[in-house]
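Chain IDs A, B, C, D, E and F follow the sequence of writing; residue 1 opens each chain.
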Amino acid sequence: MQLITAIIKPHMLDEVKAALKSIDVSGMTVTEAKGFGRQGGHTETYRGAEYKVDFVPKMKIELVVDDSQVVLATDAIVKAAQTGKIGDGKIWVTPVDRIIRIRTGELGVDAV
Amino acid sequence: MQLITAIIKPHMLDEVKAALKSIDVSGMTVTEAKGFGRQGGHTETYRGAEYKVDFVPKMKIELVVDDSQVVLATDAIVKAAQTGKIGDGKIWVTPVDRIIRIRTGELGVDAV
Amino acid sequence: MQLITAIIKPHMLDEVKAALKSIDVSGMTVTEAKGFGRQGGHTETYRGAEYKVDFVPKMKIELVVDDSQVVLATDAIVKAAQTGKIGDGKIWVTPVDRIIRIRTGELGVDAV
Amino acid sequence: MFTTRTGARPLRRALKRYVAPATLALTAVLALAGPVGAQDVSAQYDRAAAAGAEAMNMVVLDNIFIFVCAVLVFLMQAGFGLVEAGLTRAKNAANIMMKNLMDVSVGVLVFALIGWGIAYPGDFNGWLGFAGFGVAGFFDNYLVDVSPEALAADGFYPLAVPVDFFFQAAFAATAATIVSGAVAGRTKFIGYILYSIALTAFIYPVVVGWQWGGGWLSDQGFVDFAGSGLVHMTGGFAALMGALVIGPRIGKFADDGSPRAMPGHSVPLAITGVFLLFIGWFGFNPGSQLQADLAVPIIAVLTAFAAGAGAVAAMATSWATMGKPDVSMAGNGMLAGLVAICSGVGEVSAIGAVVIGAIAGSIVVVAVLGIERTGIDDPVGAFSVHGVCGFWGLIATGLFATTTPVNGAEEAAGLLYGGGVSLLGTQILGGIAIAAFVAVTAGVLFSALKAAGVLRVSAEEEMAGLDVAEHGSPGYGPDMLVANAV
Amino acid sequence: MFTTRTGARPLRRALKRYVAPATLALTAVLALAGPVGAQDVSAQYDRAAAAGAEAMNMVVLDNIFIFVCAVLVFLMQAGFGLVEAGLTRAKNAANIMMKNLMDVSVGVLVFALIGWGIAYPGDFNGWLGFAGFGVAGFFDNYLVDVSPEALAADGFYPLAVPVDFFFQAAFAATAATIVSGAVAGRTKFIGYILYSIALTAFIYPVVVGWQWGGGWLSDQGFVDFAGSGLVHMTGGFAALMGALVIGPRIGKFADDGSPRAMPGHSVPLAITGVFLLFIGWFGFNPGSQLQADLAVPIIAVLTAFAAGAGAVAAMATSWATMGKPDVSMAGNGMLAGLVAICSGVGEVSAIGAVVIGAIAGSIVVVAVLGIERTGIDDPVGAFSVHGVCGFWGLIATGLFATTTPVNGAEEAAGLLYGGGVSLLGTQILGGIAIAAFVAVTAGVLFSALKAAGVLRVSAEEEMAGLDVAEHGSPGYGPDMLVANAV
Amino acid sequence: MFTTRTGARPLRRALKRYVAPATLALTAVLALAGPVGAQDVSAQYDRAAAAGAEAMNMVVLDNIFIFVCAVLVFLMQAGFGLVEAGLTRAKNAANIMMKNLMDVSVGVLVFALIGWGIAYPGDFNGWLGFAGFGVAGFFDNYLVDVSPEALAADGFYPLAVPVDFFFQAAFAATAATIVSGAVAGRTKFIGYILYSIALTAFIYPVVVGWQWGGGWLSDQGFVDFAGSGLVHMTGGFAALMGALVIGPRIGKFADDGSPRAMPGHSVPLAITGVFLLFIGWFGFNPGSQLQADLAVPIIAVLTAFAAGAGAVAAMATSWATMGKPDVSMAGNGMLAGLVAICSGVGEVSAIGAVVIGAIAGSIVVVAVLGIERTGIDDPVGAFSVHGVCGFWGLIATGLFATTTPVNGAEEAAGLLYGGGVSLLGTQILGGIAIAAFVAVTAGVLFSALKAAGVLRVSAEEEMAGLDVAEHGSPGYGPDMLVANAV
């Protein structure tokens, strides 16, 4: 099993979710995040004082998939989350030794 | 060392924390998350317009433990977080190459 | 490539970001988190009822870096985030099999 | 006596002041007002007698003044909504506001159809000016009776009915809405609506009828100028029964029965609500003088003294007992002082008002903690503020009433002002009667709703929050990220 | 007739009541007021004749009363701000409040310089007391004309100009601010300011001039006591044109055109706003009586009945049609009832007010759903509440007006009270005229702003939110974490 | 002169109007009021002479009017609380509301016990009607002195004391609460309470005594109708000293001393507060006329003009200087206009009011930026709004005062109206005196609190937020997730 972590633009979440559903990804976990990168931030002004906002809103998607699904899933995410504009985000894949479904205690593939 | 990531139902957090404490887990990090999976979501209505809420509230728990503790910890989480109802969540375990305690710079086991 | 995850005190974020920029880390992703550990929490009172707040506010920083940069980056984080007071946080490093830049589909080093 | 609101007199007075042609006012006074001091007569003379023009002046000013006071009392609905929403959780915030919105909306209509007729039975029998209200008359065109011709004929009286109704309806809505906070977070919306109708249609009007409607309590010389007992105890004891019958929110008490803190989602909103209630009370108490006269500012000052003393005392008490000055407790303290002064604000002295408010402020902190220990879950302290301090207000009048009340009436003085225990006894009797009647009727009401299965939502719905479960969507949008772990 | 606000009469009445030396009032009545019933004369006599002191009394009370009502109407600005902010997203909350702040700030000044002069043209020509307003006179010291000497000379009249202006200016600001919610979340700030100036300077005053200014509508016997048509339809139809020309917010409609829910960020704030509007309406309607008299409380009661019935009906309708009682719809329902009763509150009976409010409450729910289906994005339902229910209010007067209105006027009765269809026809005619005039002028206005490129922000700015894009920083600080996925 | 609030006259006027039997009013005027124009006499005659009934009418109306205005002024407490909470961070929101709650609670009591007696020394000496206030009299039953008998004997005067106190106490609480925002986020709660007591007990009353109490300033012909100087400069300069002595919040200034933005947590709440202050000001300024007369609406219009001009000017200035129209600056601008017009609202023309407000709106933006540059941390701009624009208001009266003030007084005219520099000089003198006295006393006060170690919380407590550190729990519950990185 492997863990796919994707950082995407917040408003692309629905598209990505749909894309993953369409390839039968059974589930995922999403977290609000803020990103720093090439995209850079912007400057805001409050009562005359300027301040730089370096971190831009991002969504973080985590999904554990069977090794066989990894490429399919990452491709789907790239396709769905791509706007071509700087700041589209990253995907990284890390190995998973064990996965358990809490409800049943099932392990491995059965757990996802 | 290994990293245990658990996705649980929000209101089970106290039980899980207690269970982990009881087996002397020294610490953990928690993040608000939203989950998508078999549990499915529900429909809400606002001023007559229906909309589907696919993502349900979850808590994400991360803890780095010594290899020897992994099974103990995952079992504790499963036991504590299990309601038997769909949506109880997942646990996955990933390898950790290095861990550092920022305060002291200690490494490995001493760091947790 | 490796993934560095750092749990730090919220108000150290700017220093850490600056330190990482200074060693040319191209980007990072930040998440609000709550931590449990030696630092312990504190007690609050609301309308006469006491309650324990076990989880203290933390920031979670994730950055994928080239293997060559790992030590440099972790050292930078430790230096920047260290107050010497209990609760400074942890850093852990996990292996990354693949990394993709969504905008371009670039892989590996080119992706970060 | 004629300017007080103790018992039926005010209404007879009204009758007197308006129905009788102005030129007959003086005789009317002597005829109906019972033994009155010289100053009463002269005052009455100054106010109503002589030129018809003059009389009309005062009638207009009185009506406009009560209208303004009633508007201030209606503002209290916003105050209650904010206090209750602020002291409960975000997932129930829209539901709380909705309940308050319905208390006033349903309340005004139900009180017009039923409640008002029950509250002031005798006085209005056969008054056509009143036929516009009540089930039957509601379908006539009651404006017929307030056409200029009718006014002239009736000596302007009928026009006072609308303003008196407007003022009283605001009070009824207030009594109803007190309960909303005590049962917050677990009550079915339909069940709450049914309760609200029952309270404004029957429970509150019956209690009011006992005193302001000229019933048995007024004959005892019971004193409740603005309603520490009639309004606040009624709401407060209904709140107690509601919280009792419905039971605590899930997670409010640990397995060992010890209370758990369930912090409200916005103390700033709650204190904003306290400020609005404070403002509204300047319609509630001064307006209860029922006419525009020079007693109004005194009543306002005493009201402010009690409010301030209550807030300071609650702050100090919470500081002493909990180690820190609790903000929402201080807010409760101001409300407690305001509730307690309602009864005697026409009878007590400056120092009396301060002491009454200060004691109320201390009581409310103790009461809130005490109630929780008994396993009752009253998230906003409605019973402690309105029930307990309402009763304290009645007792306080029995202690602090002076021999020279602001409104020139000749009430019996309180224990501390040489009046002996008689007034005190009457006040306690009245308090017990109100508490008992409301506890029983509200108890039956909530039990019936429970039996009918319309009182409490399911555990799942409660966990999800009433906004989503009862109204379809959360009170705070997805962009106001509300944390999970609650 | 002299106490109604139908057509030019109220202003002539004012003229009559003040300019004529008090001792001439009686003759003045007979001379100017047209055929009046005996009671009018006597009332007028009671109020203004006899002692100069007496007359002044009533003038003072009238002025103070309207002043208080105007303050209540200004409070509605806070109500509108909260309703609109609450029902839109957090990223636009500061922008909404800013627009409301500017509506009243710009509005008061522009209405003084231009609008007021257009709204009440004839009546004030050559009145020096008015020279203080208007472009020219603005630079004089208009207080000269209200110095005690002038007062004495003018029989107190000029002093009524400021209070009348104060009251009318509050109405103008209200009409303007209605649009703010309908165009929320995508309008350029500068474009909104320009719209707001145009509405208070020209569009609203022209419409008001037709009726309250003594124009053609008033000659038809059109009845719009407090402005269901003049104020609310004007704001409501401007809101419709704004929403139409600007187009929907990004993401409001799916590709298949079906509407998507865009939940407001704080229903509790929205309902707090509804409560404040409810309170403000007790200045809006009773104040439209334009004098302190015994009709005021009746107007207040009818206003409360319509508000309550509207909220209950909207709750019930949403419950029936959507399966759950929608909170913000119930809030809209209360406002709908208040809007609808404005026109006839001086003419209808108690049951009439309840029915008018209830129908408005049901209409508004249907209208909100219907409007969305047409692809128009009105986030707060401004057109449904003010435009649709404003028109319903005009029609309702044609149906429910009684033969014996509260204010002693002798209006034609409505269809259901034996008056036949003539009043109904006039009401519909007036409604169509207002709708058409506003639709055209506002349509041209918004189209011009669009052509000038100052109407809508860019897609990026809209996504980022107007608080950041238009005002430099978010309305909620970084410590109030606002979720990304919106 | 008798209707102005300049110097001791108004109180003598009161004395005159009430204590003297109404039939002697005319002589009383001539005897006590100094040289008065014919119109004064006649007006006075119209108002008070003739029938005792007539006189009482006006007394009642005056008392009720001031009562209503005082209630509006108390509403400003809610406004200040929301502005201050909104413009500071969420972790201090409950603490801010608590401070405002205590300002009014403690303020009313302390002002009654001490402040009022200091503010109006001479006028009340030996008046038993006043014995009910003040340390000694507080323990009597002061109602004895307002019993109907006493009223009759005193010609109704004593009853005016409560309403005057009620109104003045609201002002005192306002002055106190101005400071709360300037010292937000780092002040110990106990230290703030001690400051609040000191201001309402001594600092504010002394300043008021100089002018409204009949002190030396009033003898100079100083003009401060509603308190640009007496109320707002007092609060504003105390705010400056507080911010100065306490020092900036941690992180407010970079190491190089450049100011860092610390965004308030809720601009929508802040602007809601501005709206409530705007409403409250219609009690603050018109009520300062101290009687119900036809000048009231003029004062209201001028107040609205200045407020609108201030908001527009601040918006424009921030737009010009910062590139975007800043919302909270526009809010400050409206308040600045309101503060500035207080002094001369009884003396200036329409255009004068607009110019005064507009200049205030521009000044406040510049002042806020300037103050920050000096290293002083005033999170809500309290000194800029109340201190700087308060002083501007005094100066403006010296420039714009006309020869024919609204209230019929015969003040000296301002520089631009041919009055030369004498009034201007007096105004500047008065402003300097107030600034100096408050700066010194408040400076000593805050320094003493600092020395006593009760002024500022620890760095840890400041980081954690005052809600948790000082009051035990956060103002926003765990379900309103508040971000960490602040």
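Methods note: a contact is a pair of C-beta atoms (placed from the backbone, for glycine too) under 8 Å apart; a residue touches a chain by one contact, two chains touch by 3 or more.
Keep in mind that what you see is a predicted model, and the values were worked out from it rather than measured.
Chemist: What's the overlap between the neighbours of chain B and those of chain C?
Modeler: A, D
Chemist: I need the common contact partners of chain A and chain D, sorted by label.
Modeler: Touching chain A as well as chain D, we find B, C, E, F.
Chemist: Looking at C-F and A-F, which one has the bigger number of contacting C-beta pairs?
Modeler: The greater number of contacts lies at A-F.
Chemist: Could you work out how far the Cα centre of chain B sits from that of chain D, in whole Å?
Modeler: Those two chain centres are 50 Å apart.
Chemist: Distance-wise, how many Å sit between the C-alpha centres of chain C and chain E, to the nearest whole number?
Modeler: A distance of 55 Å separates the two centres.
Chemist: By residue number and range, which residues of chain A touch two or more other chains?
Modeler: 31-32, 44-46, 58, 94-95
Chemist: Residues of chain D that touch two or more other chains: which are they?
Modeler: Residues 51, 54, 57, 61, 68, 261, 263-264, 322-324, 326, 472-474, 476, 480-481, 483, 485-486 of chain D each touch two or more of the other chains.
Chemist: Give every touching pair of chains, nothing left out.
Modeler: A-B, A-C, A-E, A-F, B-C, B-D, B-E, C-D, C-F, D-E, D-F, E-F
Chemist: Can you name the residues of chain E that touch chain B in the complex?
Modeler: Within the complex, chain E contacts chain B at residues 259-264, 318, 321-324, 326, 328-329, 365, 368-369, 372, 381.
Chemist: Touching chain F in the complex: which residues of chain A?
Modeler: 44-51
Chemist: Would you mind writing out the residues of chain A in touch with chain B in their complex?
Modeler: Interface residues on the chain A side: 1, 3, 17, 26-32, 64, 94-103, 105, 111-112.
Chemist: Mind listing the chain E positions that touch chain F in their complex?
Modeler: 51-54, 56-57, 59-61, 63-64, 66-68, 70-71, 74-75, 77-78, 81-82, 85, 93-98, 100-102, 104-109, 112, 132-133, 138-144, 146-149, 151-152, 156, 159-160, 162-163, 165-166, 169, 189, 269, 467, 470-481
Chemist: Going by the contact rule at the top, pick out the chain B residues touching chain D in the complex.
Modeler: The touching residues are 10-11, 13, 32, 44-46, 57-59.
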